[in-house]
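In what follows, subunit A forms one complex with subunit B and a second complex with subunit C.
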Partner chain A sequence: MNIDISDSLRHFFWGYSEARRLPLYRALVEELVNIHQQTALVGNDDKLNALKHQLKGICRYLSLALDEQINMMATLGQLHCLADNIHGQVAAIEDEL
Partner chain B sequence: MNILIVDDQKFIREAIKADLVETSVEHDLQMFEAEDANQGIETIVATEGNIDLLILDLKMNNSDGMEVINFLSVHACYSDIPLAVISSSDQRTLELVSSIVSSLKLNLVGVFEKPINVGFILAQATRLQNQYGNEIDVNESVNTSDYDINKLLEDEQVLLCFQPQINMKSKRIIGFEVLARMYDENGYIYPDTFLPLIDKAGLNVEFSMMIIAKAFKFWENETGVTNYRLSINVTAEDLICDSLIDYIISYKKAHTHINLILELTESQKVINQACVLNSIARLIINDIGISLDDFGKSYSTYERLDTIPFNEIKIDRSFVCDIDTNKQHLLIVESTIALAKKMSVSVVAEGIETESVLNILDELGCDIGQGYLYSPPIEGRYLKAWVNRYVHKDTAINEH
Partner chain C sequence: MNYKFNIHIYICVCVLFTTVLVTSFVSYSLDESKNNHDKKVATLMAFSQEKHLQHKLIINAIKSFFKSSVRVKKNEFSIFTRELLGTREALIFTLTPEMTLGYISDEKFVPELEQLKTTLDEHGKLRGKLDNYELIGVNINDPHMPYLFYATPIKRLLFNINKLNDTCLQYSSSQGYVKSQSCMMQSTSMISALFSHNTKLKISLPEYDFYYTLSIGSRASSPMIIEFVCVILSLIFICSLIFVLLYFKLENKRLFKRITRENKLNVAMVSSINHEIRTPINALLGYSQMLRDMPQISDEHSVLIDKMQWSANLLYSVAESTLNYSKSTAGALVLNNAPINTLQYIGNIQDYYNKLSIPVGKTLDFHVSDKLPAVISVDSSKLFQVITNMINNALKYSTGKAVRCHIDVCQRAGFNEESIIRGHYVRILIQDSGLGMSALTKELLINPFSVDTESKFKHVSSIGLGLYTCNQLLAQVGGKLRLHSVKNEGSKIMLHFPCQFDSSRLSLRLNPIDYRDVRILIVDDNRFNLEVCNAMLAEKQFNTVCANNSEVALTQFVNAEPDVVIVDYQLDEMNGLELIAKMKCIQANAQTQYFILSANDKNEIVDSECHSDIYFMQKPFNIAIFLSCLGRDN
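Let's look at the complex of A and B:
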């Protein structure tokens, strides 16, 4: 799933004062890295729902309407791809913050 | 203001904190964080419950928000902490949780979908705290068992307050509901405290008799308010007492100009007793109106509609006060008003505390409103002055 979320990301971060952006950015990256790692682990299938819930929470805060797509994901692999995609685009805007 | 955020996701805690800082006008914000239920409970205990708003995630890794909710509900000293439950769960789950939490008698600000609107939650929490502050008993340090209810009744340590009921269309005063307060040397004692003691002492009917007698005496002597309707609460148990019914009827016969309405509460079991129905029939025959109080609160509410030829339905405040945020309550209130219209009886909505609730009720066609937005209960000695101010459009609500 390739989605362009860069506008939503900018909109989210620019809604906060400069001093707040970096702590928010770091916390977001930390969470995405964690989800990314967890979804890559073999035998972690029992955590699928919990990880989906976490990613859903993040997406909602970033105003990404991905609830339905995440609900429909049946494997850690699918979730891993989405987390990877989001993480890549978040990393790409670091210099702008 | 102390705010505790319990959420397992650091990013969401950071976002809420950022929103709080940017939204709140209060500079003295102290924020505590917890990443699971246990940490949350530890923080509540460590701060001795000195939390002005608890923002609690429902579904967390290794724990869930219900653990904190259950902790609050079994520890009375923490149950008044304003609680906002937040979640990414679906709407139906949120509604279920809302209904569970509401039944636990916690100080619930609401159940909210993520991302939350921090400004709205802060406003609601502040509103709740003000409301709670208004309701705090002056005698809160006194244990209920410390009161000698027999002595207070013997000495008639009772004073009457009157809460206005307003015609929602014309904005004119319809009447007043009589609300009793007891007092001792420490100040007011509120019904939540004294009614259970009266019940335990088996003095319910004696108490009702005293209130009714005092209310009648006040009403007939208070020029300027006598033209308004006088609503008095009675329980079904009161209606078993023939002498009380005789007294009310004889008073009404002697003061035909007084528009008297009895607000009836209590169980269907008692109401169905033949003697109670007989009393209700006698009251109605003698032009004393019957209002079904706390409508919707009891499971047998609809049976009551079938049994009693009442004049009015009074929707319980627990359904009214949050119809601007609670969809279920809005549906209940809307249906009740529609039902009343079909039955050609008037509807009173009690518990109106905000303009937003008032506007919704107005749109739904509610007839009569009652609540803090109009006025808190007014002590008898100040009633005439309040009426004068209202009539002369000095109150803010009258300009609405």
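Let's look at the complex of A and C:
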């Protein structure tokens, strides 16, 4: 899965003043890293729904229409890949903030 | 009660019940018939005893008469017996020792006595036999006339016997046999046999050596049998009718439950589809807005983006209409009233149309009455849907240029005919100009999905649901939609939407709100969500405090004494409602306003109805909705 969300991310951050962008960015990265780590842990399958719910909440704030895709995910691995993808693209725009 | 309806068991129960009822009636009828028969037997016994007493009295009187006289003369006997018998048709006569006729109470019966046969038994007792008469013979103390007979005509006996209707009476003695007329008319049907009773009475007068048998047989008459059969048939008919009606009632109840369940499923399905549809529409709207915000967009592209946004909004409106149509047909619409800042709310609607860019050549003007209160309690999402649906229709289908929207409030009696309670309503008049609506288009109010083939807008895509849904929605929530359209003048749509407000605030006008003094506690265990929410509120100058778990939240609640608390429903340690309950226990500020932020709709949260003082908002956090709800005490 390779979704380009960089425009959505830019649109989201540019909606806030410069002073607020960085704290928001850090909070986002922190949550994504957390989800990324949780989904990497073996035996965490019972947390799948909670982690899906968490990632869905983040995506909604970022105006990413990923609800359907997240709902269809059946394994931690799939969620891990998506969180990794989003995290990668978020990290890529750090310099622009 | 949860049971599976079984028609076979039901029929068995019905048959059993009917059988018990009919059996009870038959048993009762048989008992009644037996009682009647017993009464007849008792009557007959009384009749016989009375007759015997009369016989004894008459015979004893004559005996005494003869005993007290030295020699009874013929005229004395005649006068005495005539007086003694009175109107009775009985006959008294004496016999000489040679067995010839001595005296007789009535001379005209003398020829009948020619048939008299008399005998003396071995004990010297007199016995006699005379056709058509019942004879009782006694010896008297008169040497010239030692034998006396008291004769009662059998026809008289029959006359008495026939007094008992529907009863076969048979009299038999050594002197003769008689039976009543009823014995000739006995029915031999099976039902008649059910009600037949027979009793034999053996009666004896030993002092006169006289014995006879009376048989009494009761039978049901034909009218009684017909009546009995009619009652039985009526009982069966009534029972059948009741059970058939009961069956239909149960069947109706079962069908109603099934339809209700199916309706709920339909609503759930449409709701689910609707939810899924709205997500891509939101994406479409978001991306088109991003496109629009890009600096290098030309005017030509900007027009295309406007059209794209307009279409996406229409699609969103169709999705909302579909959901509300399902809810209204299932009768599942309920109002979720919450206080809103009215002017801000109307401003949001204006912004909505400003962002959409109205179709080329059309104008939309809002006029808000001075009487509109600053804060009203209303179901803002449904009101928004109704207003925008009607305005969209006016913009889309009117042939004129201007669309006007007037908004005010009024107080009036309910629209339900039975309602006499006066209520408050938001009154919205949407007016357009142009050709007006055809009669077929007006039918959309009550008949969804109909198409006006004559309309010049027949090529414009429409499912014909919006007008009907708004009409149904308003009818179900106690409001009213009135449509008035004049050819070549345009259409007016008057909406009455129920609301609540403190009438003392009618004259209060809105002032620009300063949120700097409003302290808000935000609780969310997702740090990013917390930051976004905090950033949005901080942009509006709110004084915010954040907590990423319930423990910190409770500490902050005590320290900061917030005016508003926004809590994520899904927390790690407890849910948002439980946390709010704890906060209320240590209530530092009685005016605190609570908000729950959830990914789900309010109706999907268990027990949400029990918390009327808590505002439920769907994620993602929307500052406009939040501000519209934040008006109660600010």
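Going forward, the second predicted complex is superposed on the first by the 97 of 97 C-alpha atoms of A that agree within 3 Å, B and C clash if a C-alpha of one lies under 4 Å from a C-alpha of the other, contacts with A are read in each partner's own complex, and residues count from 1 in each chain.
Convention: contacts are C-beta pairs under 8 Å (C-beta built on N, C-alpha and C of every residue); 3 or more make two chains touch, one makes a residue touch a chain.
For clarity, every value in this text was computed on a predicted model and none was experimentally measured.
With subunit A as the common reference, the superposed partners subunit B and subunit C clash. With both structures placed on the common chain, the touch criterion links A:Glu68 to subunit C but leaves subunit B unconnected. Once chain A of one complex is fitted onto chain A of the other, the partner contacts of A:His11 are limited to subunit C, with no touch recorded for subunit B.
Contacts of A:Glu31 after superposition: both subunit B and subunit C are touched.
Looking at the shared chain after the overlay, A:Gln54 reaches both subunit B and subunit C. Contact with neither subunit B nor subunit C is seen for A:His87 once the two complexes are overlaid on the shared chain.
Which of subunit B and subunit C touches more residues of subunit A is settled by the count: it is C.
Mapped onto the common chain A, subunit B and subunit C collide along 58-66, the only clashing stretch among 58-66, 184-192 or 382-390. Of the residues of subunit A, those at positions 16-17, 20, 23-24, 27-28, 30-31, 53-54, 56-58, 60-61, 63, 67 touch subunit B in one of the two structures and subunit C in the other.
Subunit B meets subunit A in the complex at residues 8-15, 18, 21-22, 59, 61, 88, 113-115. If you check the complex, the residues on subunit A that touch subunit C are 7-8, 11, 16-17, 20, 23-24, 27-28, 30-32, 53-54, 56-58, 60-61, 63-65, 67-68.
Across the complex, subunit A is touched by residues 276, 279-280, 282-283, 286, 290, 293, 526-532, 535, 538-539, 570, 599, 619-621 of subunit C.
Looking at the complex, you find that subunit A touches subunit B at residues 16-17, 20, 23-24, 27-28, 30-31, 50, 53-54, 56-58, 60-61, 63, 67.
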